[in-house]
Amino acid sequence: MVDLSVKIKNVEFANPVLVASGTFGYGNEVSELVDVNRLGGIVTKSITLHPREGSPPPRMVETPSGLLNSIGLANIGVERYISEMLPYYEDLDTNIIMNIAGSSLKEYITILERVEGTSNYLSGYEINISCPNVEKGGLEFGVDCDLTLALTKELRKRTDKLLIMKLSPNVTDIASIAKAAELGGADAISAINTVVGMSINPQTRKQNIFTGFSGLSGPAIRPVGVANVYIIFDAVDIPIIGIGGITSADDVVEYLLAGATAVQVGTANYREPGISIRIIKQLIEYCEKHNVTTIRELVGAIRDED
Amino acid sequence: MVDLSVKIKNVEFANPVLVASGTFGYGNEVSELVDVNRLGGIVTKSITLHPREGSPPPRMVETPSGLLNSIGLANIGVERYISEMLPYYEDLDTNIIMNIAGSSLKEYITILERVEGTSNYLSGYEINISCPNVEKGGLEFGVDCDLTLALTKELRKRTDKLLIMKLSPNVTDIASIAKAAELGGADAISAINTVVGMSINPQTRKQNIFTGFSGLSGPAIRPVGVANVYIIFDAVDIPIIGIGGITSADDVVEYLLAGATAVQVGTANYREPGISIRIIKQLIEYCEKHNVTTIRELVGAIRDED
Amino acid sequence: MKIEVASISGNKEIAKGIWKMDFDCPNIANNVLGPGQFINIKVDPSWEIPLRRPMSIAGVKGEKITIIYKLFGRGTKILSELRPGQSINILGPLGNIFTTSDKDSFPILVGGGVGIAPILWMHNELNIKSVSHILIIGATTAEEHFLQHNPDKNIFLTTDDGSIGELGTVVPTMESKFKEVSSRSFGIIYACGPTPMLKAIHQITTKYKIYCQMALESYMGCGIGICQSCVIERKNDSPEEDSYGKRFSLVCSDGPVYSADTIIL
Amino acid sequence: MKIEVASISGNKEIAKGIWKMDFDCPNIANNVLGPGQFINIKVDPSWEIPLRRPMSIAGVKGEKITIIYKLFGRGTKILSELRPGQSINILGPLGNIFTTSDKDSFPILVGGGVGIAPILWMHNELNIKSVSHILIIGATTAEEHFLQHNPDKNIFLTTDDGSIGELGTVVPTMESKFKEVSSRSFGIIYACGPTPMLKAIHQITTKYKIYCQMALESYMGCGIGICQSCVIERKNDSPEEDSYGKRFSLVCSDGPVYSADTIIL
């Protein structure tokens, strides 16, 4: 019997395969297709204080082995999340991690406090810090160590649940951002969010995405995700959740070897909503074939050159 | 007749399609296959002060729609470049741009001075600033505004030829690096160099590239290149040479619309050494179809939404 | 909503650049509700084409589903190269349906471009139920049509170059029908096609005050409501909220069929 | 060195997982120098597979080139699905050749794995020139062999499981030949195969002091000297410089054939 379970802080995950924020809706849309209880966990889409309609279309376009999107954080807002989604999650038998996005320190805090006061069911929070801070002239939280530190500290004070900071790869020095999150008391780091990209239609001469800039995801960015996880693994002592371009158990193992304790599957869900379940099966096969008794053996276990 | 010519400073390019440093050798290897005189120009592989053997193999691996490489700046060094390559270039009828890489300010200067004193043939220099500065503890020139400014200034003093700074996308704020290069007197910006990536073999548990970290190139990174060119176009007034994942005339037009005056074809040369010649033909067809009389019309010409 | 690996039983070009494919997929076929619904096809086993391709259902016979598709780009090219016996991965049935009611006498069905499939299915359904109706199909030239122009049977083809049927877009033909039979009330218009066509149809149905349902298209990342890419803008004064909010609606889940007067094209 | 779109005239599995393909490519065929040279094949028109795939030439007959390839991963799978009449984009001929000299009596040719092609071609050439030689081909089991074990004709097959020919790797067979005919001097060993096999061959040829040429493989980005990915490490005391420098050599341009004593495997 292969042991796929992993633990982050006091939270047990039956396996290391979660689904990524924004790529699996709220988790209920696909329940007809996927037995979500078999997932390691579901990270729900970013929730803001107020409901957001998001950006005008087009919001998405394919690129070579990837996808650009700018959904504009469309979401139902924290109140509807609490009233409509939390009751659904209470009947599930998997870890639900709420992803939070804010445009000011205060907004993040308000959302977290609002949920903390309501539910004990959630396993924790993933904090999307790739959001422009309106107070600091639109500078993204996630590109600044001080902002990241301050945000993490404030949230840490307010919850004992899992606190995961989700980092952006669009920075010079992701290690220092990860360290700031660790210093602020984060329990884990998620990496990476999408890579800044753009696509223009040469026929119409227009942007393919309404907002112009957008986020690149999918297999195209897997090498970027793996590199960032490796860098962060060297920089901090807290667990890392690897994200970016995962489509198979081999990809999961690649991330684990680079230093991830768990992973999230994103874009691949659009092609194959049940892909994470298949990946979990393949992971067991991988472990059996390679005599891995617990998946935790693989974390950071790159072999030195012979 | 479509006019494909573009001009950067006083240098005329018959068309905007150049081949990228490191992806076309010294330009003589493929002369049997490709009529190099039809190219807009050749950027030769990075030259260092002393010959470099480069990194041990493996140096390259495929990724989804991309390529990771860590060649380790293998090159013949400036002396052999002068004695063996410059004479060959003098017989060519295209622009030769020498790419220079250094590990200190002094090394860049020494290389440039050495060549300036020797040849009047080169059209100019492209400065690879994605190199670790040994004096500053390995910090890459290209991630630091001050280093970029100082380097550009020093080189500018020493040449009237085209001086192009080639930027790395692995930074939080490429606009400020581009501005530093402009302030320092650069004639143009090349963007982008490769994106930091990594690939691990799940079967052997070893790095797929000897050096671990490596550079991602190819169509996978095209959206990243286009986004960076767009950002730089807004930030500076000097021309931009767009690089990253170009495989067709449509891709070239995408870069031009984003703000590039010319482009470089990189990884695609490995698949199809003559691809740039084909792209030039396709560009003429594109212009004819869209009633573009001069390719320069397209530069930065994204249409506003209707 | 199921995922099924369907076995292709037929795939051929029925007009210039227009293909028809039939495949067996009992699980999905058994759950289809009616015209308007679509499926989402994984055309490429490799990631060269990251997303599935949405295609309207053009008919269901027992366990077989038919689609009619236009060669557009890389994805539909791969589809057209598949041969009977090969299989494709299908997700469906998805979306809502055109609503019919017994009150609606003499509907007009209008289709064009890649929007023929649901219209044709509706046409066949109405024929089976012996509901009199008019069918108008638009195309650029004759060679893109695979039906026969047959005014006696109320089947009108239009072409931009007049090479078959009526000259021009579908709109003049619609308008002349409105006028011809103005005494008789058209209960409803069912339309599907490219956005400019739908815009023109919306204008004329507004002018003549005829209720119109449209099956829309938008860029779909998933087809099942998890990516939020497929939004269409709603009119401000639309009464209800969609699953999604006031301003936008998800075409894949709330649509693809909308009352023309509730959306902004 | 040319690029040519070659028309496939044959492509079939000749042993388990081993395929043979023939194609017409006059421009390249006319320029081939001999065993050791290779071509670089664009297997996939899409960027799903970014790089070409290098394959040794297994023979040239008039305007036809033959390759023998092992099903390995995605690229060779695509190759194996191509049918006669279809075409592939070929770049070649590339690299250097095994050097033969009249002094070399009774050479031993050793091949294994994906390294059979140039060895087999050499074997055929020597047969044509009536040069006596020994051919040793290694594989894991009988089903991966497509030749006949025929000691009378100096053709020895080896298998790791002994299911055909000699039991074990090629090395014991080589050694027994060295001993059997120790009086006769073996002029030269020509070898091609997986790195562990080449390492073992290098050891034993060093021990018996027999000159050995090896055709090497390495990961190739271009095949034509512009990417610098295909380096192999050279011995420090190697006399000349390669096109590339002292420490490394470009397998695509300086190789793929090397004297075994000049390189580090």
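Letters are used for the chains, namely A, B, C and D, taken in the order the chains are written, and counting of residues starts over at 1 for each.
We adopt the following convention: contacts are C-beta pairs under 8 Å (C-beta built on N, C-alpha and C of every residue); 3 or more make two chains touch, one makes a residue touch a chain.
It should be emphasised that the depicted structure is a prediction, and the values quoted were computed from it without experimental measurement.
Asker: Applying the touch definition from the top, give me the chains sitting in contact with each of chain B and chain C.
Answerer: A chain counts here if it touches both chain B and chain C, which gives A, D.
Asker: Taking each chain's centre as the mean of its Cα atoms, which chain lies farthest from chain A?
Answerer: D
Asker: Taking the mean of the CA coordinates per chain, how far is chain A from chain D in Å?
Answerer: Using C-alpha averages as centres, the distance is 47 Å.
Asker: Where the CA atoms of chain C average out and where those of chain D average out, how many Å apart are those spots?
Answerer: The answer is 57 Å.
Asker: Please compute the C-alpha centroid of chain A, do the same for chain B, then give the distance between them in whole Å.
Answerer: 34
Asker: Rounded to a whole Å, what is the gap between the Cα centroids of chain B and chain D?
Answerer: Roughly 37 Å separates the two chain centres.
Asker: Any chance you could list the residues of chain B touching two or more other chains?
Answerer: Those would be 63-66, 218-219.
Asker: Find every residue in chain D that makes contact with two or more other chains and list them.
Answerer: Chain D, residues with two or more chain partners: 47-48.
Asker: Which residues of chain B touch chain A once you look at their complex with the stated criterion?
Answerer: 63-66, 68, 143, 170-173, 195-200, 202-207, 210, 212-214, 216, 218-224, 226-227, 230, 245, 249-251, 253-254, 257-258, 286, 290, 301-303, 305
Asker: Which residues of chain B touch chain D in their complex?
Answerer: Those in contact with chain D are residues 22-25, 29-30, 32-33, 51, 53-54, 56-67, 69, 71, 74, 76, 218-219, 247, 267, 269-274.
Asker: For chain D, which residues are in contact with chain B within the complex?
Answerer: 1-3, 42, 47-52, 91, 218-219, 221-222, 224-233, 244-248, 253
Asker: Quick check: in the complex, which residue numbers of chain D touch chain C?
Answerer: Chain D reaches chain C through residues 46-48.
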